[in-house]
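Think of it as A, B and C in the order they're written, each chain with its own count starting at 1.
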Amino acid sequence: MNKDKVITAEALTKRFGSFTAVNGISFDVHKGEIFGFLGANGAGKTTAMRMLSGLSMPTSGKATVAGYDVYKENEKIKQNIGYMSQKFSLYEDLTVKENIRFYAGIYGMTNQFIKEKTGFILQHLHMEKEGDKLVRSLPLGWKQKLAFSVAIFHDPQIVFLDEPTGGVDPVTRREFWNMIYQAAENGITVFVTTHYMDEAEYCHRVSIMVDGRIDALDTPKELKRTFNASSMDEVFLKLARKATRVAD
Amino acid sequence: MKQFSAFVKKEFHHIFRDTRTLFILLGMPIMQIIIFGFALTNEVKNSRIAVLDNSKDAATASLISELEASRYFDIEKNIYSYKDIERSFREGKIKMAVVFPQHFGEDLQHFNKAQVQLVADASDPNVANTLTNYATAVVMDYQKRITDDRQLPYAINTEMRMLYNPQLKGAYSFVPGVMAMVLMLVCTLMTAITVVREKEMGTMEILLASPIKPLKIIIAKAVPYLLLSVVNVASILLLSVFVLDVPINGSLPLLIVESILFTLTCLAFGLLISASTASQQTAMFISLTGMFLPTIMLSGFMFPIENMPLPLQWLSNVVPAKWYYLIVKDVMIKGVGFESIWKETLILAGMMFFLLTMAIKKFKIRLA
Amino acid sequence: MRSVTVNNIIKRYGTKKSFTTALEGVSFEVDKGELFGIIGPDGAGKTSLFRILTTLLLADGGSATVDGLDVVKNYKDIRERVGYMPGRFSLYQDLTVQENLDFFATVFNTSIEENYDLVKDIYSQIEPFKDRKAGKLSGGMKQKLALSCALIHRPSVLFLDEPTTGVDAVSRKEFWEMLKKLKEQGITILVSTPYMDEAGLCDRVALIQSGKIMTINTPEGIVNAFGKKLLAVKSDNMLQLLNKIKACPGVADAYPFGEYHHAVMENGGTKELSAYLERSGKAFELKEVTPDIEDCFMALMKN
């Protein structure tokens, strides 16, 4: 694997008043890596992801994303990352094509390029017939696959996926992960959170956050060995049960 | 009953914990009264006026025909005494009266000097001001024309008298207006939002799946806002009396009962809106366009209804605020009793029952 | 007596001309005191089904009873005796824990004291935070509160719509432990979930996909009905391995499954696949495994 670091974080911290949501986390993510970012509800995952995607200013610590500093160059960061979440990614009342056009337009793509690539995406997802349908009318699994394609439309260096497969059926879930693998093969770094522990196994490396800290970070294989567990589920439970934090 | 009181208690929790909204709700009347202290000028057309001609000579006849010829006035005849004028004012039939004293023509001929009195209903000071100005202009025109033929100038003195509101205070008209607006906002907008919020939050789903009766939900939702409105009415009245020196000429209990009636009408409308919408934005939008704008435009508080094209005048009849505005003006400023406003009261009550019935009918016992 | 019966329920959304079908003739029965799971992905029709059974929606066809009462005719009686926890957190965020529970107890014409023994196990866990606003609770605590509120009137049937969606693995485990205890109290529980691994915790489950029930059985029954050999394989290059397994004759289906790939064998078994993979000379680990509900779900979906 290419050892270029595309994300570095050093003692990254975020406080809200007296509450420390993220407490000095340090880690690196390499180019083309699928990095699983796990943690119980309220462990600080979302806050950490917001800091890395340039949406929220850290309280202290250092971090670079795609080579840019999260304090000073967050506009540059936004140009070089893609983002998709389970909750809001596509406009339900726009058609499939209109959604693609809109997001591509944000990144300043030319009309010709958008047209070609839209065709390519629809063909790739076997959705040629659905191009002019409202996103609202699509099954959830299709929406999520489409949202992922849109998130990497502008060939970002990194794509952040926040619980991308929640509620998706098992077959489509696997198709989705297949897309993640392809993106990683093409050199896109994937930073993903999930509640499905079997999906943690699909990641190259996994970090587990507990109460704002990263308590474990390694390959799934090593984590299972270290914690003497037979599955990632067990590893997660062993770590997360230590949590003392109660509020989100 | 326990269900009901628990529900009302819960609503109060919602209201008191949302301090920002509460602040706006209670601070709004104060703000409004300050803002509307700057009254607006407006033009008046075809206002009904009365002429009391105690002289009945050539001069008065031609002055009356001049007044009649102007597009500003419609002259109400059959006025024979000051008493008649008084009665017409109270009945709201006329806005101004022109009184010619005895021997008007003779005085003008022999002394080159005569008096004419303009009496205006100044509970709406803008209208009163405009009307007396127009009338004075008509008299001046006449005076100039007859002077041209002669050496010595004639001098007709117009003497103005403002009834009900001698100092011509703008506050007299905007206090009732602000009351209508504030009650409307608190009741319609807030009740509409509070029910729809339960739909948005998903709590309505649990309430519907529980044995509590929809009617109980509806009434319990309305009670806190009714009380809040009473507080607002009180604060507006206190401000009017002690800060703006607007007296309450009529009966205070009557004013309060009428205000409660209007509040109930607004609550019913808010509940109707909430029963037919699914999001807070839609509810807010409908409340504002359906209630707030008509209240400002069509209640007669900002713009005289008699100046509007006929269709709008008809439309103004379905605006509850119009009737409430008339009632408050009559009770608070003219000081009339219930016998003079029972018609308006009946109309308002009718509207309230209609809206409430619709709201209860429209309230769904299931999800859409 | 049956606690819940569902007979050929149909539900459509939209106009007569253009509509989507949420439920296409769903039928099942749930016995008294049973813990019945309805398992399927988002959009399978679970929420529509629960809303019909809790009298919140009218079906477009078919009939259903809860506690022997018709969901349309006797909706008022049903509302007295079911507990319902909707899919998303549906309590008053600006009321405290205690206020929420108090309120719902009163709405159901009861009091916390009257049924405290029933909710004690669950409520005692959040009681230390009873003066905290519900909106400020963590996901797991919100759930416990919502469950307490749904239980406070001692319902005879409890409907839990996706109680564990978006909840982390620890809270999910705790939640299922609570359900097991409730079952001992004799309450019939219908629970829906998109998580296949939760099926094993139910007495019986219905697997639902696109508005149709694919199968109803005990978790063991569903696994036994899988009917094909299932192999788990892993190696250092999983992506390459998957393509190779798919190319092997006799393999009906292959897909990633946690740290392994699962291979569903149409014919043949360990020996055949092993021989095929050895030809490429790369190291791999292969074993026969019993399918779990997710394997079964996928097999049924692909049929």
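One rule holds in what follows: contacts are C-beta pairs under 8 Å (C-beta built on N, C-alpha and C of every residue); 3 or more make two chains touch, one makes a residue touch a chain.
Here the structure is a predicted model, which means the values were calculated and not measured.
In terms of inter-chain touching, the protein chains here are arranged end to end in an open line. By number of C-beta pairs in contact, A-C leads over the other of A-C and B-C. Between the CA-based centres of subunit B and subunit C the separation comes to 59 Å, rounded to the whole angstrom. Subunit A and subunit C have CA centres that are 26 Å apart. Multi-chain contact residues of subunit A, defined as those touching 2 or more other chains: none present.
Of all the residues in subunit A, the ones that touch subunit C in their complex are 39-42, 137, 139-141, 163, 166-172, 174, 177, 181, 185, 195-198, 201-202, 220-221, 231-233, 236-237, 240-241, 243, 245-248.
Subunit C meets subunit B in the complex at residues 51, 54-58, 75-76, 79-80, 82, 84, 86, 88-95, 99, 102-104, 106-109, 149-150. If you check the complex, the residues on subunit C that touch subunit A are 20, 40-44, 129, 136-141, 165-171, 173, 194-196, 209, 239, 255-259, 294, 297-298, 301-302. Interface of subunit B with subunit C (complex): residues 2-3, 6-7, 9-10, 13-14, 17-18, 201-203, 205-212, 365-367.
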